[in-house]
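These notes open a run of structures that come right after.
Shared between the two complexes below is chain A, which pairs with chain B and chain C, respectively.
Up next is the complex of A and B:
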């Protein structure tokens, strides 16, 4: 645990001195502001729902760009081999890197607290809905970062890692609209179960469903497990 | 030993198998989570939690185990409330889908999937079709949404949950019944979409699986010697007749009652009260029903007191107030004829009276002893007729009548605007048709929209705060960090 904590702190420090993180922060906050403004100007409701729904999609594209360097950069520079041979448990390496990016996301989400504050100033937002919406975004970040970490572990090219991450996450987006187009009820059920919209949609309106929370947590665990298998395979490939 | 196994599983095809096994376990865990799901609604007033009534209807559908498909169509793009409409329908469908094993739903883009709309014969946005096998119930956009408020404060309300609960109950009673509306005496027209017409009532009846037909008892139909109420009639409505019913018309209605039919009278002050009512011990008194508690600002719209009766269960449970306007006071004879039982459905409060003229106070009438009649005043009465009574000969079937001292509550002008009017009117029809099992369904629960009270200037401020403030602040901090590191 101590090693994972050390890796977490080191990764966080590195993240905040890299210009990429700051560009990411600015881009994310601009998009969050844009979605928030779009939401209230289009329907005049004291709700963050439009922002939450759109941000979860935006994070699909943004987060892999943030995580793309985690292992790909290490592999390219040769430091990954060094780390693999060091007496460091693989899981602590993975969890440390993953947690550092999740922490960055939490900082970001904290900053967007300005938007509910604006709503509270001009109206009466439903705080239960706002809280569950944020819970949904945190779970989204956890899963998307895990997917990004996994894609980064598959290649030595950071850009390719980022694009792969987007590719892995895209099905969770497209299955939402696709579910409404298919005729078969079974296919529709499967596609809806896969769709981010189904799981995020419930939370962004104030409902915490244990199945939705499990979807995010198991998705996170699944991608971290695949990262572990991918890195482990480097030992014998 | 443990180390050896770990190494074996980490290499070659074993590694692939372990990876696949891991993925399978994740999928299985998710399936288990879906099977044992628990939902907690943190929204204010539990807006996302289905009402117990709708849940009960869904569990009834589940026990039947026949698949139900809901096809909902999107709202017209570009319209002010299009997003709101699509969102609330989507939310409700999702909640229904999660609470049922047999209900499958689709939200169809009306503009993009015209073929589906054509196949189902749907020609309007935000329409909904509920199908189970060959049974089908249509829910129109008009019954799902309604606009309230003045021009600049107009809001769209979603009444979907109650409407869909009703639609589900219709799937349990597939046969359509017919409500006949008597004509020929200056009654309001069923097809009239104006404020005095009955088109909204007819539409609501259609959702409840009642067909509405006009009834003419002045002439005998082909093949009959005298005018008769058709055999398929479940209920006959007589709304505000302006002329006396002919003897043969009354005879046809009495004959209909003897068959176990249901008659509904909606009479206004000054209307010609059918003589058959007197034979049952019901009279229409001159004057207008008044009360101290009225629907502001109308002095002739007393807030009715609902009495214990099957038709008032729903409105009482949902705390819905029916709004009746300019009501004819009803009287019950002190001695009722044999076989007749009369129950009060609606009345004024103890402070109510029958207004017949006299003094005004702040423009509103007050009770004048000697001129006005003392209250409480009956506004609606339910009559049960047993065989062996004056109207139904022994050997006939029991019949039901509903007498309301107002026809406006059924007219378009009040039917949708009076909070309890639609529910009350439909419950009356169900009771008259003998469909007691369908009485006492859910009242309309409204979807509350939390609006922001902001001016254009304030919106401009919010735009700059949200679009520029945070990105510029964070950009400056980032620039500072980079600058600081460069200086080291």
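Up next is the complex of A and C:
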């Protein structure tokens, strides 16, 4: 645990020194503000529902850009050799890196707390819906960061790692609209089960279903497991 | 202590290392020398557990590298060819991080970091960003991270690369001191470094060990015997006469200058008495007769061929 904590602290330090984190922060807050404005102006509802739903899609594209350096950069600069020859269990390395980016996401989500506060000032938002929406976004961040960490472990080129991450997450987005276009009922059920919209949509409306939470948690665990396999396989290449 | 037995590493059909075996005891510094692509780094990576061997076994500090990887990793200090640095961190932050992942106890951590920084000449650099350091200083930080946990085994891949001559002397003497109670393997391209630092050298080429000997032992392989550089005060051709002496096996004519013939005499035993006798009989003066010590470069070139040495 001590080693994972050391890696977590180091990752946060390295992230905040790099301009990438600050660009990400500005882009995320700008988009959150834009989606919040769009939601209010389109239906006049004192709700963060539109902002939450759109942010979950935006995170699919933004988070892999933040995680792309995790393993790709370490492999390129040679520091991965340091980590893999020190007595560092692989899970400490993976969890330390993953948790550092999730922590950064939590800070960002905390900053968007300004928008519900504005709603509360001018109207009466449903705090239950706001809370479940945030729960959905936290779960999205956990899964998308895990996917980004995995894609970063597959290459020594950070940009390629970022693009791969987007590519891995894309199916969870496109299966939403695709489910409504197919004729077959079975295919529709499968596509809906895969779609982010199905699982995030319920939470942004105030419904927390164990199946939805499990979907995110399984996705997170799955990508972290694939990262472990990918790093393990480096030894045998 | 390091014991490698029949270490082999294949990448697909390419054999990077083939049947490498050697032993290095405590208190020894062994130089790994060989041309580019000879298999030095691959062997070192196998010894650190970074990559597994296709065949063979290796023991480091009493533990099997492939069975007890974590025990080996905690007992090895490793400096890869490129110092593994996080350029965004300061020297102090970096060494703190390494001490944490190496599980150096809290009570000794700060003292240990201070001692290591002093030992490699990094005092006053604690707050300097690694990205702003020169190549030589980065190398020092790389060395510092390798010894921060006081390991009994050190594996150093080109440890003095990028150092200026002043830094070289300091770091070499530092490594020499480290070896007093440790096992040290280092790879290098600089043969004078092997001569200055190592008790023994393992020459590796095309993934195979082509020589494993003391430095003197390697030198003695050159020319199969003793060589003397002889200068005789004569303009007559004397090479044939010298070649007929019982202790002389071969004579190289190096040319003559100002009435002095210069020759390289290869002998099975000290031929000076015989040459002096010949000079007396033939009536010419002996200007010089000195033993020619072969260099490690000559030995190395003899082992791996000069065209592959860079």
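By definition in this document, the second predicted complex is superposed on the first by the 237 of 237 C-alpha atoms of A that agree within 3 Å, B and C clash if a C-alpha of one lies under 4 Å from a C-alpha of the other, contacts with A are read in each partner's own complex, and residues count from 1 in each chain.
In this text, contacts are C-beta pairs under 8 Å (C-beta built on N, C-alpha and C of every residue); 3 or more make two chains touch, one makes a residue touch a chain.
For clarity, every value in this text was computed on a predicted model and none was experimentally measured.
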| item | value |
| --- | --- |
| Room on chain A for both chain B and chain C (clash or fit) | fit |
| Chain B or chain C, by number of chain A residues touched | B |
| First, second, both or neither for A:43, with chain B first and chain C second | first |
| Touching partner for A:17 - first (chain B), second (chain C), both, neither | both |
| Touching partner for A:86 - first (chain B), second (chain C), both, neither | second |
| Degrees between the directions from chain A toward chain B and toward chain C, using C-alpha centres, nearest 10 | 170 |
| Touched partner set for A:77, first chain B, second chain C, both or neither | second |
| Least C-alpha distance (whole Å) that remains between chain C and chain B when both complexes are overlaid | 6 |
| Chain A positions touched by chain B in one structure and by chain C in the second | 17, 235-236 |
| Complex contact set, residues of chain B against chain A | 10-12, 15, 18-19, 22-23, 26, 29-30, 33-34, 36-44, 47-48, 67, 69, 81, 83-84, 87, 90-91, 94, 98, 104, 106-109, 449-454, 458-459, 462-463, 465-471, 474-475, 477-479, 481-482, 485 |
| In the complex, chain C residues that touch chain A | 11, 45, 48-52, 70, 73-74, 76, 78, 80-89, 93, 97-98, 100-103, 145 |
| Of all residues in chain A, those that touch chain B in their complex | 16-17, 19, 21-23, 25-26, 29-30, 32-34, 36-37, 40-47, 49, 111-112, 114-115, 118-119, 122-129, 131-132, 180, 185, 188-189, 193, 198, 201-202, 205-211, 214-215, 218-219, 221-222, 225-226, 229, 232-233, 235-236 |
| Residues of chain A touching chain C in the complex | 2-3, 6-7, 9-10, 13-14, 17-18, 77-79, 81-89, 235-237 |
